[in-house]
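Once you scroll down, you'll see the structures, which are given as C-alpha cells.
Next come two complexes built around chain A: one with chain B, the other with chain C.
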Partner chain A sequence: MDYLIFSFSLMLVYIGLAQLLHIQFGLLGIPNFGVVGFWGIGLYGTGVLFVEFSVPLLPSIILASGMSALLAYVLSVLVLQRSGQAILAATLALAAIVSTLVITEKQLTNGVQGLGTIGFPFGKLDNRNAIFLGILAIVVGSLFWGGARLRDSRLGRSMIAIRDNEELAASLGKDTSATKRMTFAFTCGLMGLLGGLSAPLHQFLVPYLLAPSLTFAVWIALVLGGKAHNFGAMVGVFATFGLFDILVETYAPVPTEYALLVPNFKLFCYGVLLVLIIMFRPTGILGEEGPRVRAKPAPPTLRSAPLEED
Partner chain B sequence: MLLHAENLSKSYHAHEVVNIPSVSFGAQGLEGLIGPNGAGKSTLMGLLTRRISPTNGEINLDVGDQVHNLNRLKSHEVARIGLIKTNQRIQGFDSLTIKDSLRFAATSPKDEGFTSIFAGERDSEDVEERVQRYVEAFPFADRNGFARSGGEKKLVDILRCLIAEPRLLLMDEPTAGLPEDITRIVMDMVREKVAAGEMRVVIVEHDLPLIWEYCDYVHFLSEGSILFEGAPEEVKSNRIVAEKYMGV
Partner chain C sequence: MLLLDAIFIGLLEASPLVLAAMGFTLIFYQNGFMNIAYAETITFGAYFAILFNVVLGLHFYMAIVPSMLFSGALSVAVYLAVFRPALNRGVGPTEMIILSVGVSFMLRYGLILAVGPENLFLNEPNISYMQFLGMGATNLQLIALVLVFAIAGILYWIIYNTGLGEQMRGLANNHELAMASGINPHRTSVAIWFVAGCAGGLSGVFSGVFAQVTPYMGWNMILITMLVTIVAGIGSVRGALVAAVVAGILTAFITLVSKPLYSEVILLLAFIGVLTFRGSKAA
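What follows is the complex of A and B.
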C-alpha cells in the first residue's frame, strides 16, 4: 500500500511537471529541456535548507521555489529572445549544471553520499504519506484549474498568438518578451515547488534523481497526450508512467528472469508510441482545443444588421 | 502624428538603395507612396518600421507634445505610440479564428496580464461589438472559423491593424491578393476613418487608379529618393513622373 501511495504521488509530480510544460511549450512555444533542473533546484534547495540549516519544511519549499523562479528569470533575460535551438541548449545545460553542482558542492549537498532525511510533515499521524498525496493532488489539481482558466483568458490567447507569430504580435503593440519572461519564471517556480514537494517523497536525496531522464519522460508524456490540450499532460502521464511504472511493474506477472528487461521494454514502447503519434496524430492523443466561450447573444443592433447576400 | 526622416540612407555593399534628405509622412490625411519597381519603396517601408536598420539618418515620430526617436524603440513600443503597419506578405496567427485574431488586436496589452485569468468574461462588450462590426462588413466564408484563402488572410491582416486603432497606419500593397470588391470596401472604410480624424494613412501601392482615387497627397520615389510630391493631379501631370514611371 505504501508503495502504491508513493507511486501515485510520483505520478502526480510528473503530471504537474507535464502540465507546466504544456503552458511553457504547448501554449507559449518555449522548448524547456531543463525541466529536471528547475524541479531539482526546488528539490535540493528544500533538502539543503531543511537538513543543513534546519529551516522548517514549508518555508524551505517556498524559498527553494523562489530560487527556481529567480534563476529562470535570469535565464529568460539571457536566452528567451533567441532561437528555439538556443533555448533548448541553454535549458538542457542549466539542468546539467544543477546536477553537477549537487555532486561537487559536498559541504552543502553531501554529494553522491546523499542528503537526508526529509520526513513527511505532520509527523505524529499514522497515514501521513496518504495526507501528503492529498496535498499533492490539491496542488496539481489547481494547476489544471489554472490551465483551464488560462485557456479561456485573454492572457492565454495572447500566449497562443505569441507562439504562432511573435513578430506579428509585437507589431500590434504586445510586449511579447515580457509575457514570455514572466510566464517562464512563474511556471519554472512552480516546477521548483513540485521539486520541493518531492523532497519528503524521496526522503533521501541523491544526485541520480537529477538525471535528464525525468525531463524526457515529461516531454514524451506531454507530446503523447497533446501538448496544446489542457488535459494532454494528464493523459500522457497515464499512458506512460501510469501504464508502465505502476501497472506493469507492480501487477504484471513478469517472470523474474525477465524482470531486468522491463525498463528497456518500457523505453522501447515509449519510442514506438512516440513515432506512431508523430506520424499519425502530431497534436497528440487529445489534439488541440480552442477556448470555451460561453454562448452569448449578440447585441440586438448587430443581430438585426443585414448579412451579406452572395 | 508625423513620421519624419532626416538624411535617411541605406546601402547594401556600397550600392545605395535609399537616399532621402528629408521626408515627412502623416501630414495629410491619406497619402500614397508610388514608384517604379526597384525604386526603394519596400526598403523605405522597412526603414520606417525599423525592420531594416538605416546606414545613416534618423527617423522621428512626432506625436504633438513629444518626439520619439524611432531607432531607440522596440517594435511593440512603436505600435503602442500608434504607428502600425499592414504586411505585404501574408502573416497570421494560425491557431486563432478570424474573430479571436481581431479580438486579440483590439485588446489593450494592459488587459492581458496575469489577473485576466480570473476575469469572468474574456472580452468586453466593446471589443465584441467592434469585432462583430468588422467581421460582418465582409463576406468571409466562415465568420466564426478560420481565415482560409490567401485573400481572407490578407484581409484579416488589414482588419487587425484597423481594429487596433492606430494613429498612423502604413499599408504595404494592400490590394495585392485582395479581390477588387473587397479592396473597395476596405479603402472606403479607411477613407471614412481618415475623414473622421481617427487616423492618418500612408499607402504603398502599384495600383495607380486606386492611388489617384483615394489619396490626398502622393510621394513619388525613384532611384532611392523622393523626386516629386504633391496632390494626385499634380503628380499625374508631372513630366518626371510620367517619364520615369508611366513610360509616356
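What follows is the complex of A and C.
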C-alpha cells in the first residue's frame, strides 16, 4: 500500500511537470529540455536548506522554488530570444550543470553519498504519506485549473499568438519578450516547487535522481498525450508512467530472470510510441484544443457579399 | 608548458569529438534539424567494431573500415525509414528533434535488449608509450589523432571541393533553386547521411578503444556535440571542426588548472555565454 501511494505521488509529480511543460512548449513554444534541472534545484535546494541549515520544510520549499524561478529568469534573459534549437541546447546544458554541481559541491549536498533524510510533514500521523499525496493532488489539480483558465485568458491568447508568429504578436503591441521571460520564470519556479515537494517523497537525495531521463519521460508523455491540449499531460503520463511503471511493474507476471529487462523494454516502447505518434498523429492523442470562443453573429449589413465557406 | 600540455591533451581528447561534430553538422546542414539519434550512430559504430574485432576476431585496424561502413549503412537506413517520411510530411524542426529522441531510445534500448547492458572492451593492438615533442602518448592515441584529422580533411575536401559538396551547399542555401538546377535532393541526402554515419561510427570506434564500449557512450557525447554545432554557427563544417578542437583544448586546459569535474561546468557555461552574445537571432 505504501508503495502504491509512493507511485501515485510520483505520478502526480510527473503530471504536474508535463502540465507546466504544456504551458511552456504547447502554448508558448519554448522547447525547455532542462526540466530536470529546474525540478532538481527545487529538490536539492529544499534538501540542503532542510538538512544542512535546519530550515523548516515549507520555507525551504518556497525558497528553493524561488531560486529555481530566479535562475530561469537569468537564463531567459540570456537565451530566450534565440532560436528554438539554441534554447533547447541551453536548457539541456543548464540541467547538466545542475547535476554536475550537485556531485562536486560535496560540503553542501554530500555528493554521491546522498543527502538525507527529509521526512514528511505532519510526522506524528500514521498516514502522513497519504496526506502528502492529497497535498500533491491539490497542487497538481490547481495547475490544471490554472491551465484551463490561462487558455481562455488574455495572457493565454497572447502566448498562443507568440508561439504561432512572434513578429506579428509584437507588431500588435504585445510585449512578447517580457511575456516569454515572465511565463518561463514562473513556470520553472513551479517546476522547482514540484521538486521541493518531491524531496519528502524520495527522503534520501542522490545525484542519480537528476539524470536527464526525467526530462525525456516528461517530454514523451506530453507529446504523446497532446502538447497543446490542457489534459494532454495527464493522458500522456497515464499512458506512459501509469501503464508501465505502475501497472506493468506492480501487477504483470514477469519471470524474475527477465525482471531486469523490463525498464529497458519500457524505454524501447517509449521510443517506438514517440516515433509512431509524431509520424501519424503529431498533435498527440487528444489533438489540439482551440480556445473556447463564443461565436458572435456577424452584423447583417456585412453579409451582402457572399462569404467563402472555410 | 601548461598551455602546450593542454593543447596536446585537448587534441587527443577532441579527436572523436571532431568527427562526431562534423557528421552531426552535415546532417544539420542538409536537413535542417538536430538529429539526436546521431548518438546511436556513434554507439553502433563501437558495437560494430566489437562484432568484427572481438566476435569475428579481426585485427583492430582491420575492423575499423567495415565498422565505419556498417554505421554509414545504418544511418542511411534510419534516414530512409523514419526521417525522410517525416520530412515529407512536413514535421517542424522541434518535432523532428523529439522524433529523433524517439529513434534514439528505440535503437539504444533495442541494442540493450539484444546484447545486454554490460560494458565491453575492444581487443587493442599492442600499446607502447612514446615520446612526442616531450610529451607522452600511446601509439594508439597518436594513430587515432592522425587518422581523425586525415578523415576530417577528406570530409572537408568533399564538402568544399567536390560536386556532392557543392550540391549539398546549394540545397542548404536555396532548396528551390537547387532543385530547379537539376539537383536531386534525395540522392544528395542519402550520400550525406552515409558520410555522416561513417564519421559517427569512426568516432564511436575511437572513443570505444580509448575507454570502453557501453550502450550510453554516444548519448554521453551528444550534448557536447550539439553545443559545438550550435556555437560553430549552424551548418558550417569548417566551424564545427574548429569549435570541436577548441572545446577539446579548453576542456583539457580547465582540467589541468582546476578540478576535473568543474571543466564540464565551465565549458557548458561558456557555451551558454556564446549562445547569448552571438547576437544573431537565427542562431
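FYI, the second predicted complex is superposed on the first by the 292 of 310 C-alpha atoms of A that agree within 3 Å, B and C clash if a C-alpha of one lies under 4 Å from a C-alpha of the other, contacts with A are read in each partner's own complex, and residues count from 1 in each chain.
Here is the rule we go by: a contact is a pair of C-beta atoms (placed from the backbone, for glycine too) under 8 Å apart; a residue touches a chain by one contact, two chains touch by 3 or more.
The shown structure was predicted, so the numbers you read here are calculated from the model rather than taken from an experiment.
Visitor: First (chain B), second (chain C), both or neither: which does A:268 touch?
Guide: It touches chain C, and chain B stays clear.
Visitor: Which partner chains sit in contact with A:174 here, chain B, chain C, both or neither? Use first/second/both/neither.
Guide: The first partner, chain B, only.
Visitor: After superposition on the shared chain, which partner residues are touched by A:97: those of chain B (first), chain C (second), both, or neither?
Guide: Second partner only.
Visitor: In the superposed arrangement, does A:74 touch chain B (first), chain C (second), both or neither?
Guide: In the superposition, A:74 touches no partner, neither chain B nor chain C.
Visitor: On the A-aligned overlay, A:288 touches which partner chain: chain B = first, chain C = second, or both, or neither?
Guide: A:288 contacts chain B only, not chain C.
Visitor: Which partner does A:223 reach: the first (chain B), the second (chain C), both, or neither?
Guide: second
Visitor: Classify the contacts of A:86 with the two partner chains as first (chain B alone), second (chain C alone), both, or neither.
Guide: Once the two structures are laid over each other on A, A:86 reaches chain C alone.
Visitor: When the two structures are overlaid on chain A, which partner does A:31 contact: first (chain B), second (chain C), both, or neither?
Guide: Only chain C; A:31 stays clear of chain B.
Visitor: Kindly list the residues of chain A that each of chain B and chain C touches, one partner per complex.
Guide: none
Visitor: Spell out the residues on chain B that touch chain A in their complex, using ranges where they run on.
Guide: Those residues of chain B that touch chain A are 49, 74-76, 79-80, 84-85, 87, 91-97, 100-101, 103-105, 107, 109, 111-114, 116-119, 122-123, 125, 128-129, 132-133, 136, 138-139, 160-161, 164.
Visitor: Please name which positions on chain A make contact with chain B in the complex.
Guide: Listed in rising order, the residues of chain A that touch chain B are 146, 149-150, 152-158, 160-161, 163-165, 167-176, 179, 182, 186, 228, 288, 290-291, 293, 296, 298-299, 302, 305, 307-308, 310.
Visitor: Contact residues on chain A for chain C in the complex?
Guide: 25, 31, 75, 78-79, 81-86, 88-90, 92-94, 96-97, 100-101, 103-104, 216, 219-220, 223, 261, 264-265, 267-268, 270-275, 278-279, 282
Visitor: What does chain C use to touch chain A in their complex?
Guide: 34, 82, 85-86, 89, 91, 93-95, 97-99, 101-110, 112-113, 117, 223, 226-227, 230, 234, 259, 261-262, 264-265, 268-269, 271-273, 275-276, 278, 281-283
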